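Next come two complexes, and both contain subunit A; in the first it sits with subunit B, in the second with subunit C.
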Partner chain A sequence: MAKKKALNKWPKKVKTMSSKYLPTIGIECHVQLRTKTKLFSGADNDARTAKPNTLINHIDFGLPGALPVFNREALHLAVRAALALGVEPQLFSTFDRKHYFYPDLPMGYQITQYDQPVIIGGQVEYTLNGELKRVSITRAHLEADAGKSSHPGTKDYSLVDLNRAGTPLLEIVSEPDMHSAAEARAFAEELYLLMCYAEVTDGDLYHGNMRFDVNVSLSDNDKLGVRSETKNLNSFRAVEKAVDYEIKRQSELLERNQLVVQETRGWNEAKQKTIPQRSKENADDYRYMPDPDLPPIEIDPKYIKQVESEMPKLPAFWRNELSALGLSSSQSNILLEAGVNFAEAKYMDLVLDFSSRGLNTKALVNWLVNVDIPLVKTDSSLIRTDRNKLYLDVLNLVEAGKLSSTNTKELIAAALKSSEVLSNISAYASQAGLLQQSDSSQLEETIKEILFTNAEAVKDVKAGQDKAIGFLIGQVMAKTSGQANPEVARQLIEKLIKQA
Partner chain B sequence: MQQDWPTLKELATAVKNGSSSAIDLTHRALERVERQQKKYNATILTLKEAALKRAEAIDRAIAEGKDPGVLAGIPFIAKDNFLILNSETRAASNILSGFIAPYQASAINALERAGAVCVAKANMDAFAHGASTENSDFGVTKNPYDTSRVAGGSSGGSAASVALGLVPFALGTDTGGSIRQPAAFCGVVGLKPTYGLVSRNGVIAMGSSLDCIGPITSRVEDAALVLDVMSGRDELDSTTIEKDKLGYTNLEKLKLDKVKIGVISEYFEQGLDDEVKAKLLKLLKKLEAGGAKVSNVSLPSTKLALACYYIIAPAEVSSNLSRYDGIRYGYSDRDANDLEQTYLNSRGKGFGKEAKRRIIIGTFVLSSGYYDAYYKKAMTVRTKIINEFDAAFKDYDYLIGPVAPTTAFKIGEKSKDPLQMYLADVMTVAANLAGIPSISLPNGLDEKGLPIGVQLMAGRQNDRNLLLMAKMIEEVNSHA
Partner chain C sequence: MARLSKDDVLRLAHLARIELSNDEIEEFLIELNEVLAYFQQLQSLDTKGIIETNQVNGLTNVMRDDQLIDYGYAPRVLLKNLPLKMDDQIQVKRMVE
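This part shows the complex of A and B:
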């Protein structure tokens, strides 16, 4: 439904073009808003674990006489989305009805914004291979989702679950500003981060919280070619693969002097290809009309100011902060993505807290990126650990010079996995022998003393008896009440014996 | 049978002071509902059990010293397009047969909170499509003054119920005249308030931007009280507005010499029956004699109102009727063996001819390629009509005209010719397009003994003023 404008200019730089055709890509993205209730009813909006048809009321079910009531929380999120896209929302927008018959569309029409959407304009900036790119946003509009139909293969019936019917969506439509699969993916990823950090959506891709439709066309001149639209992609990988596939498919058609048909396609994950769904020639006539049950949305500019003042920190803010701490952009991205994927771990809050208290944030970020996040990726149960205490305790030990970097990692891992460890980190570190003698010259003195009093063992070591070195280490540990790092002690023992 | 009910105020007082009781009034209404059924067919469902239970509860409350409200124990009849909890609601259409309402209309809730008791559902044109109640899937309602004639429509059952004295008041809905025209045909008072003044929540939609809910009563005072109870902002209907700060009761006497009335000249050009015209002119004379300034006013765009209405209303109808698809509730064709057949058969067999006609017109005017030529143009005309009314109400306090070109017509007279039937709305649709309040009042009988109505309109949200003037007309007419 986006009104596509002609591509006026051949982009100045097109990298890695192996073919003579220039791909042009526009993306439409359905973002599920994280409201408590549905767009036009008081039914619960979180259908992820609910039994079918339990989150519905008379409005979602399309009963006679039921009237939609606009959920102002959805407007709040739309305003945030606009600000995240770098544009002010429209002060006046309206709802329309889009008609078609399907069992999962209870009223026989979808309530959407056709003529006057809540967002017009905006952009998304992202970096790809070190190069800053910008994609313009055409528009974004609020609409109610349909329910979910399923068709059990061997059965002669279909099933409809209306839990999702009425879920608020923001459909964001980009300009056709992308020219490669990598760009499409990077845009999708950045849009995802933007919407998550603006707290517009929960961003649960597995449950379809963000779904992408990619429009791809090829051209060898300054006019846009005929496009295909591949719908309902719910991973960044699928976005990239689908675009890649479409570029390949369409160039092969054009090479053979065949026409590309304007059509809707779907992505077959198993076969890794797009498949035709329906052609646009016999597209439905949706008979849009203004919805008489819903007055226009009018926004007070003061309200925008208020939302702006309460705006969560966006990825651009974090990138600046992290880059100031000396993080590479790929490290920053790991942290930004983890901030969303493992939101419960509250990584970004932790970083902000350390930084605002003048603590060693760079060290923290390194631990998060190199230890914490990789571990959480393998075991999501580790998300819930109280990281504030963990990293403050660890930082204290490190700053006291008591932890080697290897042992720090080991200690963090142990504390993430066990609440007992977490509740008494330094005791555990000590028991596990992770702490090191802070003053190595002091440790050296202690060892010299031990070597002097254990001449027999020293002789055995020199004769190549490994058992003797173990005995000496044991003596060191006993003398230091376990505070010495055994590995360090071994190295010192070997060094001192050699020197002797 | 006759309209022998005292005023609503008197009835409620009698129930509260024990000289009458909710159960007595309810029994009286239920008996009358049963007795008229065969002859007039004004109602299509009796809510005996629920009504008696409610009446008992009200009497009990009074015995316990509680105040059940300003409509304590007063029985009423609701048009069949109002959802009443746990009772069958069909809008007189077979496609909703067996549909038991799992929630209740806000208007009904408001009336029940004030102590009123719904005893029956009134007959109507299916989905409120019509001006004669002939489009009902439950048979036509006959005019209380002449059973060979229609009661008007689409709220024909409600108007006949009040005219027959079954109940002291009934509820109707008015999308293009569906309260006012049957009220005129049955010689009762029919009020279409300002659009949005009464919540549409739980009322089966016809044309959502036009639909208004209003009372049908024997007197202006009763209509005012029912409006007062039902009106105001409802969070379940986003198009509702606040009621008048003064409410709609305790109507003070209007000084006629301060009143300017415009007579809509266009309504005198369109095949107006001589007797209807004569009675209207006679009334105007009496008002002038009382000191009112009466002059003709031209609203040229009202000539386009009917054409405009028959584009916008069907467009909204085609959209609003989409939900009746045989999937979730109502009639579903069990012989269909795929989805498309289920749709085609359920809607094909479930909807009557008029609903289908309007779905087809509405679908056409909204289709791509025709939208601009029809729907969009009609919306432009609608704006013009609104502007013309706004301008007229700068010069006049009220506009006046006939309700319909004729008195009640014969059953079958127009039902074969949809265009003739549509013309029955010619004088009422403009008020719906403009969203202004309008009331139909009895204005004597013609030579055949059939009631004639007069239509009074006021500016948007001037419902209280409209009722003040309506009361004056009622008074002027009472000294015949």
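This part shows the complex of A and C:
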């Protein structure tokens, strides 16, 4: 089983905390694997829009005598997950039956991995307020999901849909290495990015592709206190709020010299509080036993090497790249999150394409973070625009000195919103008066005129007063209705005054 | 030799979600202890030096490709034997208050 780890040293931060209790937090996360079919049957794994009980067969339905057969792709994704967590998968692992009775569990047991899981160890690193943090991973195991139950209004029954039954999950268990709600949230977000970028999961939080259970305990000494477990949180905000609530609830109990009860709780989103749930069995009540239908899994080290060589690029790679381009860590996060949340926009492919072609990637990521992503967040239909053409065209105009930075943003926004604009970007830019004049011969005439009528300012420039140049540039901009390139104008003014 | 107590039987009944009458508790106490005693014959075997295993058939890596399988019947056939159903869902006793 999981190795017991010595309780972390109290972090320095604790001295500045108002409470005398140190919170300790561990997280379990169920990650839904992006396989086509279920873990042990060939039924379709995409239950999002399917009618109830249409993605089922004798295996997922738990009929006696049905033989589960392990999905090869689930192992592939588990190996990827291990590598993303910075650890090699276990070369030998087994499946076990975990028995309990619940209406959404047709077999009367869940197929999971008990004492020989596919992943032991690993870690997740994340940055919080500029500080690098590390959370160790205890273990991660493969298991089949249960069905989905619903409880119509005031009726005296519940309804069970088994489309989800048998969906492959990887349950990742962290060490109790976190000490605040903010840390818990940051860890959950990083784990999410990691699993999405490793292409282990589709990361659809709305459909429960990642569900978090948080274990929270408080202590005023170096022993861990009694913990509560709040289950089935499906958003990062809920993780943070639930931990916050538990810290507050437990410290109030302890302040009044009352005991914290070890129990399972649920998060009530409407009331913004955790509430106790009916208790399930303890571990020794689950009557774990090896599943005789499922032979052990042996992984060839060569297979691990092969999966490693095909690993998608992980957040750490992108963070390095983006920080080398001068992006702050919060800007990098905006881009990384958009890379998953708006996968169809293919932001990361675009960035990779620009950088591999030696194009101005720094400009691109700034446009994405400051213009594109904020717009997509307000109107997700903009996801589908062909960004390759858009940003190549915009980049050409910018590099020819024809677009100011304000007008660049305006042009990008217009092209994202309209396919007509997109199909002829430079014509639109010209019609809309977004282009600036960088053609020096045209500008030169205008500037000569301005220098002639502003002799006083010219004198000041000659006397070394920089402000006067600014004044003259302003005159040029006014005369050209803002279409001159101010930098080109400055160079021309300086040149012409010198010549005079 | 370990023997099951009345409390053990009650706990097993709870885990199996089965209600037992007092007579049944006595009955199962005897029966389960007989079953246990039968298996306890295994304790007399000398297992020194034998590696623990969880299977005996020697198979490993029985896997299938991630492809949809047509099992040759419509899923709704499976719903036929349900004692209670509603809108193609399985109807059960209410699980939450």
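Keep this in mind: the second predicted complex is superposed on the first by the 418 of 500 C-alpha atoms of A that agree within 3 Å, B and C clash if a C-alpha of one lies under 4 Å from a C-alpha of the other, contacts with A are read in each partner's own complex, and residues count from 1 in each chain.
Please note the rule applied: a contact is a pair of C-beta atoms (placed from the backbone, for glycine too) under 8 Å apart; a residue touches a chain by one contact, two chains touch by 3 or more.
The structure displayed is predicted, hence computed values, not measured ones.
**Q** Looking at the overlay, does A:Pro486 come into contact with subunit B only (first), subunit C only (second), both, or neither?
**A** neither
**Q** Could you look at A:Gly65 and tell me whether it touches subunit B, subunit C, both or neither (first, second, both, neither)?
**A** Touch partner of A:Gly65: subunit B, not subunit C.
**Q** Tell me which touches more residues of subunit A here: subunit C or subunit B.
**A** C
**Q** Could you say whether A:Gly86 touches subunit B, subunit C, both of them, or neither, answering first, second, both or neither?
**A** In the superposition, A:Gly86 touches no partner, neither subunit B nor subunit C.
**Q** One more residue to check, A:Arg97. First (subunit B), second (subunit C), both or neither?
**A** Once the two structures are laid over each other on A, A:Arg97 reaches subunit B alone.
**Q** Thinking of the overlay built on chain A, is A:Asp285 touched by subunit B (first), by subunit C (second), by both, or by neither?
**A** Both subunit B and subunit C are touched by A:Asp285.
**Q** Just to be sure I read the superposition right, which of the two partners does A:Met107 touch: subunit B = first, subunit C = second, or both, or neither?
**A** After superposition on chain A, A:Met107 lies in contact with subunit B alone.
**Q** Which partner does A:Gly208 reach: the first (subunit B), the second (subunit C), both, or neither?
**A** neither
**Q** Just subunit B (first), just subunit C (second), both, or neither: which does A:Leu294 touch?
**A** Both: A:Leu294 reaches subunit B and subunit C.
**Q** Pick out the shared contact residues on subunit A: the ones touching subunit B in one complex and subunit C in the other.
**A** 58, 61, 63, 69-70, 99, 101, 103, 158, 160, 285, 287, 292, 294-295
**Q** So in the complex, the part of subunit B that touches subunit A is made up of which residues?
**A** Within the complex, subunit B contacts subunit A at residues 81, 83, 89, 91, 96, 99, 101-103, 105, 200-205, 207-209, 235-239, 315-316, 318-319, 321-325, 327-329, 339, 343, 363, 366-368, 371, 375.
**Q** For the complex, which residues does subunit A have touching subunit C?
**A** Touching subunit C: residues 35-37, 41-44, 51-58, 61, 63, 69-75, 94, 99-103, 149-151, 155-162, 281, 285, 287, 290, 292, 294-298 of subunit A.
**Q** Would you pull the subunit C residues touching subunit A in the complex into a rising list?
**A** So the residues of subunit C touching subunit A come out as 11, 15-17, 54-55, 57, 59-71, 75-76, 78-79, 84, 86-96.
**Q** Under the definition above, what is the set of subunit A residues touching subunit B in their complex?
**A** Interface residues on subunit A, with respect to subunit B: 58, 61-70, 97, 99, 101, 103, 106-109, 158, 160, 285, 287-289, 292-295.
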